[in-house]
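Before I ask anything, let me first share the structure, which is written out below as structure tokens.
Each chain carries a letter (A, B and C) given by its place in the written order, and its residues are counted from 1.
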């Protein structure tokens, strides 16, 4: 992800976190693939899809082609590394399930804020920039679930997408108010992580249409 | 959807109908989401997907990025409005099911002709412009169905896609014959609606490969 | 598929094989559609999707829009021809099932090498060019399976994607070594076909994560 409107040191920080996000999402894809008994190639595909398809969808929609995950090999490397870890160390799937939930929350936080910043940089209006930040965070998991024929969990539950949207919205609002990107990135990321924390630990969730009526 | 090759008054008419099409398709997406007990966010996602993904797919394929539905907020507004209506007014799903079928036929008609016009404007050949008009009409419903794990209804039934194709083809043929766009838009839209009417009221349908043989 | 870095005679050969690949993949899509009792339109959609969506996805990702399969009518023609053949000649599905497997292997081989060459021509790095060659080969079948709600077979089995990747990698390696494209195209295609042959005839396959542990 190229974030040319931030300083060089910020850039290093952001790329580090971004690749970390790709890595933990790729772990989630590989774990799902192993559970569905896909072969080694299927594990790699789901690792790459979960770790990168949100960003690829965003890049195609804003006209940033080839997408960063296609142009730079580091994203592929992170995905393959995650896939190999899960594939060869079978116990990892079970053992990591809880830590992954938390790494995943960190990854979601960063993808959401970085995705919003990239969309702003490409000139999208603020509302759509926030939504594209959310898409960056949730898109990979949606494709991962569809490929193994599950209704995407993000459609069902637990403030997942709303947390991503909140983080992205803070970045967008900060940009409109000319607050330095590094401040809003941290604030947005923390807000996203906090909402996921409350959803996981304390069961915060969105209502369903019928739940209030019966 | 920018239709710069029509007069300003036509433009107002077309945008009005276009947003109307987005609205009724978004209603259909929200109704499906409620039926599958998705949460509030899932309802909004399916509303937006059903109302806009046909146009987004067309825009990505013809190189018109960012797609209109991403660049202009009115499409998002219509989708959210439709989602909120269905979400908070539960009875709407059942009550509107029959009127929606007819609004949907109107929306399909307009999406098909407007989609074909946009593809022509971007220089695609006539056959592909007609097919992209059809894609604009049917694409949103296909993604809506896939996200809740149903085989897209458009693949199964009732002259739905053929009606969209017929409407789009009339626009394309009229363009080749230099007939004013407003005339072919109306003619194409009426043809599309007529085919849907016959399918809904009188059961017109396409054959399946095996039905004629057993 | 435009391959401007090869001589005119090579170009004719490549386009011929490319359209042949589209044709056999379209057959596979139409056969799946008939098995799922889709109507005539559904048969055409699955024929087009299976025959072209791999190339369309590649073209969107490398910024070659409109994609070749949208810009040139020959791809559509091949798909419709395949769809009509399967639709009107019901026995074809069963009768062709084995030959299709072999034609499909040929189509995969050509799509993989041609896809890699196009990605190289658009300036992608070698690793991603090879992966996009693979995507060209396997993408159509993935969408075909998802549209009828099956987990894509390519995720499960039989060296399918690995064969495509091997063929594409040979093209990319040859390009880096300045070996003439026609030589690496033939070598890559044969390697891909050989791996599919061994998978079909002798059951070569990739391990699954759990198979070695229980």
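Here is the rule we go by: a contact is a pair of C-beta atoms (placed from the backbone, for glycine too) under 8 Å apart; a residue touches a chain by one contact, two chains touch by 3 or more.
Computed from a predicted structure; not experimentally measured.
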Topology of the chain contact graph, where touching chains are joined (line, ring, star, complete, other): complete
Copy pair chain A, chain C: interface residue numbering same or different (half cut): different
Rotational angle, Cα trace of chain B fitted to chain C, multiple of 5°: 120
Where chain A and chain C are represented by their mean Cα positions, the distance between them in whole Å: 30
Multi-partner residues of chain B (each touching 2 or more other chains): 60, 146, 149
Chain A partner contacts - residues on chain C that touch it in the complex: 60-63, 122, 124-125, 127-128, 131-132, 142, 146, 149-152, 154-157, 161-162, 205-210, 213
Footprint of chain A on chain B - complex, ascending: 33-34, 36-43, 45-46, 56, 60, 65-67, 70-71, 73, 76, 86-88, 90, 146-149
